[in-house]
Amino acid sequence: MTDKPLKANERPPAGAEEAAGPAARDAAGPGQACPAPSPQERGVWRKIMDRFADHCRARSLFVLHYCTGCGAIELPPTITSRFDMERVGITPMVTPRQADILLITGYLSIKTLKRVILSYEQMPAPKYVLGFGSCTINGGMYWNSYATVKRLDQYIPTDLFIAGCMPRPEAVQQVLLQLIEDIDSGRANAWRDYYRNYDFYLGNQQALFGPKWNTPTDVIGEAEHYGLAGEGTYGPHTKLLAESGGTPMELARAERPARAITGRRKP
Amino acid sequence: MTIPAPLDEVLGELPLVAARLTAPRRVRVDARPENLPALLELLKGRLGFFHLSAISCVDWLEEGQFELVYHVWSDKLKLLLSAHVRIPREPGEYVSIYDLHEPAGFFERDIHEMFGVVFDGALSLDRFILTSWDGPPPMRKDFDARKYAEETFSTVNYHPDWLKDIEAAGGGLEE
Amino acid sequence: MSDLKQIPAIPDPDAIEPSDVYDLYFGPNHPGIEGNYSIRVRLSGDRIIEAVADGGYLHRGFEKIMEERLWMQNIALVPRICVPDPVPMEETYARSVEMIGGLTPPERAQWIRVLMLETSRICAHLFTFGGNAATVGLYTNMFWGVTMRDLFLDIFEEITGARIYHIYITPGGVRRDLPDGVLDRLEALLDELERRMPQFEDLFFNNAVVINRASGTGSMSAEQALAWGATGPNLRACGVASDIRRDDPYLVYPQLDFDIVTEEGGDALARMMVRKGEVVQSVRILRQVIPRLRELKGPVRCPLPNPLAWDLPAGEAYARTESSKGELAFYTVSSGGPRPYRVHVRGASSMHAVQVLEHLLTGARIEDVAQIMFSLDACPPEVDR
Amino acid sequence: MTDITPKDKGSMLRPLKALSFLFREPATLPMKPRPAAKAYRGFHLNDWEKCVGCATCQQICDNDAIRMVHVPELPADPAKGVRPRRPAIDYGRCCWCALCVDVCPTGSLSMSREYIHVSRDLDTYLILPDEKGMHGEPYPRGWTKDDDTDLLDLTRRNMPMEDADARADNFSEICEGYDPQTAMLEASRCVQCGMCHDACPAHMHAPEYIRAIFEGDFEKSVEWIYRTNPFPQVCGRVCTHRCETACSIGKRGEPVAIRWLKRAAVDNVRQEKTIAIALRGMAKEKTGRKIAIAGAGPAGLTAAFDLAKLGHDVTVYEEKPEPGGMMRYGIPEYRLPYDRIDADIDVIRAAGVKIECNTRLGRDISLDALKGACDAVLLATGLNMGRSTRIPGSDHPDVRAAVDLLARITAGEEIDVPERIVVIGGGNVAFDIARSMARLQRRKYGKVDITVTALEERGKMLADEEEVIESAEEGVTLVNARGPKQVVIEDGKLKGLETVKCLSIFDEEGRFHPKYDENDLILHPADMVIEAIGQMSDVSWLGEELTEQLEWSRGRIKVDDAGHTSVNWLWAAGDLVRGPDVISAIAFGHKAAEDIHATIMGETD
């Protein structure tokens, strides 16, 4: 909610463009999964290890237990007896710190988006984001609403989208199976894009939350740690972080915290 | 279909604008702003209109008025009474009825948030939904949600292969 | 009852050492929260001094965008307002439009609507069973509840063409007639449900864990419930026999024979008992509706102009429905145009999720928060709209 | 509730109960998509054969999810109401409500039972649906349009009409017209797709004036009508309504009664109000230019009206005693009452147009004189001479031309009505004269004996369907697929018409070249044969000099699209140069007026 111009349609710097192999088509822009690092970056042994890690990782995935929108109503059926996802090692997890998958189940109000980004940044890499239904793709039913964001992939990188309003449990099954396959074959690398083009995503976030927007996670530090920091990581928006210096708690307080509307009236 | 006698009697005690039966078990009362609280108090005290179902607000931009509608239900009469008052859009201030109906706390807060109406003596006018909103109260008629959405959010600019082919042939998306 | 249940007086905030008092953000990302909702609690030890409901995470500005869409287009929008129980939304909107336009749906359509409403009530309650059981650690129950509900969703899919968002009830009737044989399948499913009810009973309502955890938790008196604006099952759990299907009847409910389920005590257990009773009553209603629909023939929609050229006369209507959560109401205003001038949604949970919840949480213990919220069956999207 | 105690405080064996569930059929389903329900609302299907690109789906979509795509290789046919456009669905917006399916006028849209699409490529979420489905795999059809779900009203409000015996012996108007209420109901069927606008030669704003009628604002409706057509009374009655042929509602049901709605609009507005509305946008000051128009038919008067509104000084010269041309002298009164024509012409007069009747070019006033006096001359004299079949005996005095008879009936002259009449021709004119004579016969003899011999088969008649039906109701006999062979004459007296079976009308190139079966002969006994096979123009008044100057093409004056002849100051419009019906003449009049204005004003500045 600020007059800052929106960066949504701005192409990110070259970080995401170095497309290779099957993922070439997907490197079209921000939010699309960007390709795995090219061979010269990592040694053969490391690559084998990566493959092995991916292979194991794909067999046990925790879904963050966060019902962001109406699509969440189809999650209980998906994880319980009828469409039992535990068959493929997928089960809900209550804390972001131990979750691998973040399901964005439909529309995101601006207020929720903040919490989603906080949760996403708390999740340890590699992490995967699935967009449920029309609302995450292009606004869906709420295309002309003042309260919901229209494009998920402008704010956090998204691995897979699934059509539907809302998607049936079978569809959810399919997207999860697809994700498993992508992880196994090392194609699910959207999370790298967040580090590679952090400035782009941060810019879009700031366009909504104001220039003082900040999170407790040191994303740039992590980017450097993963060796993913590129020219897309730093930029005009990341500069603002230093100046803002507000923690989410402070920002939350800045959100005029409500008082209870029950009990005795405050004097 | 007529207004039940006891209700008619109570309504007679106040200088009201009008009262009529709009549907089965639905009575519309147009009240003057100054005597609406008294009306609700009478109804609650005498005829068992205990349950405040909702407070609705309608923004009549042309008339420059907010219309506040208090829907109260009486289990005794099995009747839903909608009391309408019109207050000037500017400054848009009215009295709270929290002391009479506790649920009003929520509705007044909501109306304040969505229309910017200030209720004197309301329990709390804190933001509940739009905590980080700094635009005008969105439910006002002069707030153009679509324009706001177009300015604030970006949408996908599709360009699939089949469309490229059609464009090559001289066709394409129409506006 | 263990003395753990004896809730001491709420400590006076000023008397407490500041170090002893702390704020806790409970949700929105928390399994104990139904939907995307948040409660900010101020605790002294594990005792809640003050609870502040914090909603708006699911705000989509429904009332605003409905003003921009045609009367008929809005039928696609309304079910989204409350996900777990969408049918009453469609019904209430449709009825408010009918009241303005002076339409009366054909009789068959009215019976079909009742069928939809009661089936949806069963689904919603089964869902709540699951959630509520999970809050006391009984996951089997959740699995059963959700799976049972899913079988009903199959019936919905067959009738309406969608599992959750049916977009089936339109102003003037319903969109299409029932497909052949669906009534038989529904009846068979009801038998199955009745067969399973004792097992639910056994596993949940008759379970020492549940009883010890739930009885006395988040209890309110009838006076409090009325004063705080509680409606629906939550109010009936305090012994108040109030039900819009009886008091302010709509559709063909006057012709139907059912009881208003009430319980004493107004605590979490009582609320769940009421829901259990309502499932039984809904089955009873459906058992009356199905044979009626078998013999009753006729149209399911009254003729309307094409939706693009459909202007409603100027007017207003306040339609109320007894949803699974409580009193659901639409206040629709038409200025005589192709679109609504104003639609105000009175979500059934708007009281339960905010002030009732805040009241009940004050003085409760932190481990009871989830259970209290689930037992109120508050539906956040209804509050945020 | 605090005293409640569980029935059993949980014995140790309690868990064993679980064993009873061991043998229950598991609820878990195999890990693959189930087939969806019969009426499932999955991805869209669109039958491109049926779809006409009317974009009604786009209008109903509440999510702005449907956008029309122009596909060049598709056929475009405004007359039939077909546009080369197809809907594309944005699955980043769609909510699967299927309102587009329910509202689709052609019923081409439906939904499949396919519901899974997973991709990270956003471009795959914009789909141009066809019969093959989202991913080209065959899935059964899900939600389709049926009588319950159809949101459109496919039956038109019927027009109150005099029944056959009430009308059979008089010339009073048959159709009584819609009352405002019925008109509004009929207007509410329109989906505003605009096919009618494209199909109409004059491109009338039908969607706009229908919408205005639906809103009950008949004056606004008349205003919209007068933007493109100064003859609403006429066209509201006798227009060939190509708009209704194109109407997308007519693809499955009865098209919206656009013609009757136009009539209802003018019928429900007072004449003086109509005049006031029609003259809106009238030029404030005169241009001082003078323009002469020959022929007060639809083309000439339309041009006159436009030019007058532009501030020119316009005079129309008409040979007949009354203006209106074929509208008055060609169309019988029971279809188009004369006072209705007058009503339209009064509006045109009110615009300042001077109409001088009983003035024939070449006889009463010469073209040269006009050339000298005016800046431009427009010829719109139409086709006023009946064409002859030139079959043996067609020169007999009892072989008449339909147009002459019709004109004389209109003029109120006494014409001899024999007992038995045969009409040659299958067009509207043939039925006009047949039905007129039928009325006269009924008056004279109390019975009707008229045979219409049409070259075409019943299905391919040129005349409007209602003409054929109504004439039958009035006792006119129709004989199809008969070509005239000869008029049988015995000692100077006409005995009847001999016709021969017609096998085909057009040859391979589609030229008019009928083939006959010479062995299949029928004699239709009659005392009078009327030829109604078309008209031709009499341009003798042009004079040799001008006839030399002008370029000709196939017997007609050669003009460009705007009616400008090869002679600089001379324009020609209407039937004289191009046919065939009133609305085309009106359209032509507009074009000519525009061109004349541009040209003569262009000369100065």
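Every chain is named by a letter (A, B, C and D) in the order it is written, and numbering of its residues begins at 1.
The rule is simple: a contact is a pair of C-beta atoms (placed from the backbone, for glycine too) under 8 Å apart; a residue touches a chain by one contact, two chains touch by 3 or more.
Bear in mind that the values here come from a model prediction, so they are computed numbers and not experimental data.
K.L.:
Quick one: how many steps at least from subunit B to subunit D, stepping chain to touching chain?
P.N.:
Each step joins two touching chains, and the minimum needed here is 1.
K.L.:
What's the distance between the Cα centroids of subunit A and subunit B, rounded to whole Å?
P.N.:
Taking the average C-alpha coordinate of subunit A and of subunit B, the gap between them is 37 Å.
K.L.:
Can you work out the whole-Å distance between the CA centroids of subunit A and subunit D?
P.N.:
About 58 Å, centre to centre.
K.L.:
Where the CA atoms of subunit A average out and where those of subunit C average out, how many Å apart are those spots?
P.N.:
32
K.L.:
Please report how many Å separate the Cα centroid of subunit B from that of subunit C, as a whole number.
P.N.:
22
K.L.:
Scan subunit A for residues touching two or more other chains and write them down.
P.N.:
81-82, 111, 137-139, 141, 143-147, 165, 168, 257-262
K.L.:
Counting only residues that touch at least 2 other chains, which ones in subunit D make the list?
P.N.:
27, 36, 62-63, 90, 92, 95-96, 122-123, 125, in rising order.
K.L.:
Could you tell me which residues belong to subunit B and also touch two or more other chains?
P.N.:
Each of 102, 105-106, 128-131, 138, 143, 145-146, 156 in subunit B touches at least two other chains.
K.L.:
Have a look at which chains touch which and call the overall pattern line, ring, star, complete or other.
P.N.:
Drawn as a graph, the chains make a fully connected set, so complete.
K.L.:
What does subunit C use to touch subunit D in their complex?
P.N.:
For subunit C paired with subunit D, touching residues are 1, 5, 69-70, 72-77, 147, 150, 154, 157-158, 160-162, 165, 167, 175-177, 179, 202, 206-208, 211, 215-216, 219, 263-265, 267, 269-270, 300-301, 303-311.
K.L.:
Quick check on the complex: what are the subunit D residues that touch subunit A?
P.N.:
Answer in residue numbers: 26-29, 31-34, 36, 43, 62-65, 90-96, 115-123, 125.
K.L.:
Which stretch or stretches of subunit D touch subunit C in the complex?
P.N.:
These residues of subunit D touch subunit C: 1-2, 4-7, 9-10, 17, 27, 36-41, 56, 59-60, 62-63, 95-99, 102-103, 111, 142-143, 146, 148-149, 151-153, 185, 187-192, 211, 214-215.
K.L.:
Which residues, counting only subunit A, touch subunit D once they are in their complex?
P.N.:
Residues in contact with subunit D: 25-26, 28, 32-33, 81-84, 87-88, 134, 137-141, 143-144, 153, 158-165, 167-168, 170-171, 173-175, 177-178, 190.
K.L.:
For the complex, which residues does subunit B have touching subunit C?
P.N.:
Those in contact with subunit C are residues 22-23, 25-26, 28, 50-54, 56-59, 69, 71, 73, 75, 78, 80, 82, 101-103, 105-106, 110, 114, 128-131, 138-139, 143, 145-146.
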